[in-house]
Amino acid sequence: MNLENPTYVMIKMTAGVLATVGLYSVLYRETKLYRFFEHMFLGLAAGWSLKAIWTDTLKDQWWGQMVGKVDEQTGLMKEPAVWPWAFVVPMAFMAYLIFSRKHNWISRIPLGLLIGLGAGQTFLNWFNLYGPQMQDSVKVLIPTTFSSLTVPPVVNGQPDPNVYLSQAINNLIFVATLLCVLSYFIFCTEFKSRFLKGMSTAGRLVLMVGFGAIFGSTVMTRFALFIDRMYFVWIEWLWRSVLHLS
Amino acid sequence: MIPLAQATEPLSFWQAEPGSTKMWVLIVWAVVVGFVAVAALLRTPTRVRPMIVSAVTFLAGLYFVLHWLWPTAQDYNPDEVPRNAVEGFSFWLQGTLPSVTAFAQSLGAMLLGIGIYSLLSIHLGRLFKRQKDWFFSLVFALSMASMILFGYWDWITRLTPEGAKAATDAPSLFPHFAKDLLFSGLFINMDAVMFSIIAFFIFSAAYRAFRIRSTESTILLGTALIVMLGLMGGVVVSQDTLLNSLAKPGESVIVDSLRLPTIRTWIQDNLQSPSIRAMEFGLAIGGLAMALRLWLSIEKGVSH
Amino acid sequence: MSDQNTGPAKKPIGELLQSANRTFLYFILFLVVSLSLVVTQIRKVEVPTQPEAYTIEAYKILRNVPPGGVVIVDTGFTNSSRGENGGQMEALLRILMRSGAKFAVLSWVEPQCIEIARGFIRTINEERKAGGEAPYREWEDYLVLGFFPDGPTMLQTVHQNVREAWKTRQATDPSTGEKKSVFESPVLRNVQKIEDVHAYVTLSASGTMPTIVARIGKQVKVISMITGVMFPEQLNYFKSGQLKGLVNGLSGCVELEWLMEKGIDSAGVVGGDAPGKPVAAAFKGAKNFDRGMAYYLALHSALSLLILAVAVGNVGMWLTNRSKKL
Amino acid sequence: MQYYDTGYLQILFVVLLMAFILFNIQRARGGKQLFIRRIPGLSAIDEAIGRSTEMGRPVLMVPGLSGLDPVGIQAIKIFGYITRTAARFGTPIRLLLANAPLYSVATEMIRDVYQTEGVPERFDPQSVRFVTDRQFAFAAGVAGLIYRERVAAAFLMGDWYAESLIVAESANAVGAIQVAASTITTQTPFLIAACDYVMIGDEFYAASAYLSREPVLVGSLVGQDWSKLAIAVLIVASSLYGSFEKRFVQQTMEWVQEPGKAGEMRPIPARMKNNDEILPLRFFSPRKPGPLDPPRQKKPGAENKTGGDS
């Protein structure tokens, strides 16, 4: 008997259907049914985290390095044991002092350490993350040729270095949009001139366009997942497994 | 890295033979020393405490700052002798990086216990004091316990010699079924259910919010509408056939630019991406500033 | 407000249209989607679609794998995004198996992705058996390399030396029944460097693609199959040519199925019948429409319902404002 | 030309931004009065708390899935100010987290708030809770709590992902006033649809400065404005110069690609520059790997490592 055993698969699917009904019940109102499945969900999640924290992180990242590795066949040392990893334990213990009324300040040492590392990484990665985006925002604003207003179809796959009027206009819109939105996020001056005021207002409006577009493209995914759930309940479970229809 | 070969190298002060008594002694010793240090810290005067925390934070940050500022040696190779001191330090930085990240991860992982303690203190308290909803706390405790039990049981029974989890040809044992039912049957399904429930909320939120009340909401609504229509193949095709009756693709620029996918991509390229990008820049700088304040401990209430 | 002229007893129609009960809305959505699914199931509804350029490129590459050519399938989705990635996976496997391509499955997102991928392979194999085709055999036709805890490093090594990156991975050779290195199997036997791989397909619900493109994008054709949420930011990678093909969520999945059904003729027209060798042939008579098309009608009705609801709300507001003005 | 092709400009640029921030912090500390424009969402905070005080219902604060990073801590800082007001009126609070390290920091910071307000006895350790670190289990838990305790105000700030709408709509269903700010731009539209007040983009980072008027924060905010201007100037100037270069300057040299000749250029027939060849675009992207130094010697005992498989 293995995991593909039909009876077992049926049990498993039914469990999934029950979970669906239980959690969806919150759409009607927060009933005891929902509360039951919510707490089960939280329990399973906590349990799984406690399992994964060892099997996925600590065992290799910490224990494995502390006690080293030995090759089963040869019995030779694969990796030496680096005993200073043991210092992690008292380090972590400091954080647990947070529950002590008197010594809770100690917990700020390991946490400060983690915060420091996080901050350092922010500096390290900052440009790699945003530099390319700045570069990509540098656009050619003046058309190099007026031979055609729009981009002509590509001839035998040769890249055309020219910038046509339509492209130039699009680029202009791009840069203008960027500036307007940036100006909306200026906090420390009151814009006196009407032009600047207009810019930041425009910035907010263009942001709304961006948000609208995001909304539209996200809706599909969300609906797709819901449809999938319904497909699981009606077609895969009820239609195929229970009613055995084709 | 390639094993075995390392056996030829002499063990450094920080290393020990795996499984040897020496190793265990050293480990225990390290733990004891660590706790003694903690005990000593308990005695530090209040005035000094913030300084200690700030110092630790600064030094931790400094490590990555050096990674960032120090000239990085080209084609780093741990088996080679650095040419000069600058390169030597860069070698040290690059060599220690895996251990530092592993250290941060292990420390962070060990803190999970704090969270679990908070959970248990709430639920077990409710359970033993028979407070309202104690039954659901029981459900919580039971499902947590069983997930831990079967999670580990299954994991141990399916350990390969390399210590990796054999996701493939798994023996069909009882713990394996129990774990699979709890994990794939319930947990993963519940994940999917909560993910899919968002569809309902999008629906009600859109119905409530998308009113032609202000310019802003109108713009939001309009763009969302265009993009959504552009995603409905049925609509796109019918609109296309309609436009094709006016002019074949490529014949008229105006007609072509009326096609839904064209409009959608134009909006996404020339309005969405720059506006969102500008917003990202703002957030990025905000994050940079916050990181800076944290690193230098000039942010009130965190380090002191 | 408008209660004065209509009395508190019953709300005016405008108010009514604006304040539809939450539970009622949810129920309608639930009903509409369930019905469209059942309808699609009973009488196979085929909503037409129009493949986008990026989907077409993806199909061209996958459809034209040379015999014995290898494709790496990097799966990074779990059941929670099955609605979009699941259909994509099925379409991908059908295309690969029918065009006789060999493939190797790996993941570095979650170990469980591997088990899920195995499930899909099993399903498609059952389908092949039922259709009288030879099922795909592990080791000969496909491999499961398994889960890599540290993806970025693995990909970095792949960039330098693919054999080094996967050297610890083993699979069972059914002929002898013993575990051997995956590079001894017919699938990866001829792969010396990553350039020998025909395409690297990543299915994911998260932004794993840039990590891949940054490391091996210049050496191998990378195709990304993602959820609609991730699509806008990945489109730029396709435009800049870093991605060779892109499949956008559910609609992209339907487009793939559409292409499998219609094909691309020698003139590059989808569903056209120009003489000569087609750019990417169709799979005539085979089961091309599946999960994607099964969901597509439901997607249409759901989106239409959303638009309708918004419209109703606005009409309600308009009526109310007008009654206020009077 | 070679100068532009080294990576140091990247570092210089970031250092410049950091300098702006630190300089302005110093300025503000020096007692310089600095102005901050009004931020819509924040004026709603007092209203929301007042309402929950009247109704005797708790104030909910959730930083989404934020971890122990600048975003998470910024969120907790804002929650600190909210808690201060709540502590004065003795309004119950609920702070729910999905990250254990951040949970520890939050407990500390919230406890501090009650102490500085002189009402340490009002701090209930169970009001700050770790729910779970699994995204959707977290969403389920938070939603459940919202319905059960019928919170009157909800503050959703930080790294909010897909779960944002679940929480926001549940809070809306129980009629809570909601103030939201997500650093994940793709979620902002949904928060706008579901919440009463939404802080967009780095209004999130401006919030603590606006609320506290601490010189350090205000100064840093000015520095951030300067940095944004710097980016704007950079992009505009580069675009203009780039357009000019593309129109009037031709490409006459190209990098030699052969190995060992890295950094050398060879003349080519003059042609229009490709977009990636215009100077401003190469400012920040070093092309030249630089002439390689002579090879290093191997460490002793490293020879037998060249074998590869083992």
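Remarks
Going by the order they are written in, the chains are A, B, C and D; count residues from 1 in each one.
Everything below uses one rule, namely that a residue touches a chain if its C-beta (ideal position, glycine included) is under 8 Å from a C-beta of that chain, and two chains touch if they have at least 3 such contacts.
Quick caveat: nothing in here was measured; it's all calculated off a predicted structure.
Among the chains, the centre nearest to the mean of all shown protein C-alpha atoms is found for A. Taking each chain's centre as the mean of its CA atoms, C is the chain most distant from chain D.
Looking at B-C and B-D, the interface holding more C-beta pairs in contact is that of B-D. Centre to centre, using the average C-alpha position, chain B and chain C are separated by 24 Å.
In terms of their C-alpha centroids, the spacing between chain A and chain D amounts to 14 Å. Centres computed as Cα averages put chain C at a distance of 32 Å from chain D. The set of chain D residues touching two or more other chains comprises 11, 14, 18, 68, 70, 73, 101, 104-105, 131-134, 136-137, 140, 162, 185-186, 189-190, 192-193, 200-202, 206, 221, 224, 228, 231, 308.
Across the assembly, chain C contributes residues 22, 26, 30, 80-83, 228-229, 232, 236, 251, 299, 302-303, 306 that each touch 2 or more other chains. In chain A, the positions touching at least two other chains are 23, 26-27, 29, 35, 38, 41-42, 44-46, 48-49, 95, 98, 108, 114-115, 118-119, 122-123, 126, 134, 137, 175, 178-179, 182, 185, 204, 207, 211-215, 217-220, 223, 225-226, 228-229.
Residue ranges on chain D touching chain C, taken from their complex, read 136, 162, 173, 186, 308-309. For chain C in complex with chain B, the touching residues are 20, 22, 25-26, 29-30, 47-50, 52, 78-83, 111-112, 114-115, 118, 144, 146-147, 168, 172, 228, 232, 235-236, 251, 254-255, 296, 299-300, 302-307, 309-310, 312-314, 317.
Listing the residues of chain D that touch chain B in their complex gives 11, 14, 17-18, 21-22, 25, 68, 70-71, 73-74, 77, 80, 97, 99-101, 103-105, 109, 112, 126, 128-137, 139-140, 162-163, 165-166, 168-169, 172, 183, 185, 189-190, 192-194, 200-202, 204-206, 214, 216, 220-221, 223-224, 227-228, 231, 289-290, 292-293, 296-299, 301-302, 304-305, 307-308, 310. The part of chain B that touches chain D in the complex is made up of residues 2-5, 8-9, 68-69, 74-75, 77, 79-83, 108, 111-116, 118-119, 121-122, 190-191, 193-195, 197-198, 201-202, 204-206, 208-210, 220, 224, 276, 279-283, 285-294, 298-302. For chain C in complex with chain A, the touching residues are 23, 26, 30, 33-34, 37-38, 41, 80-84, 86, 122, 149, 227-229, 231-232, 236, 249-251, 291, 294-295, 298-299, 302-303, 306.
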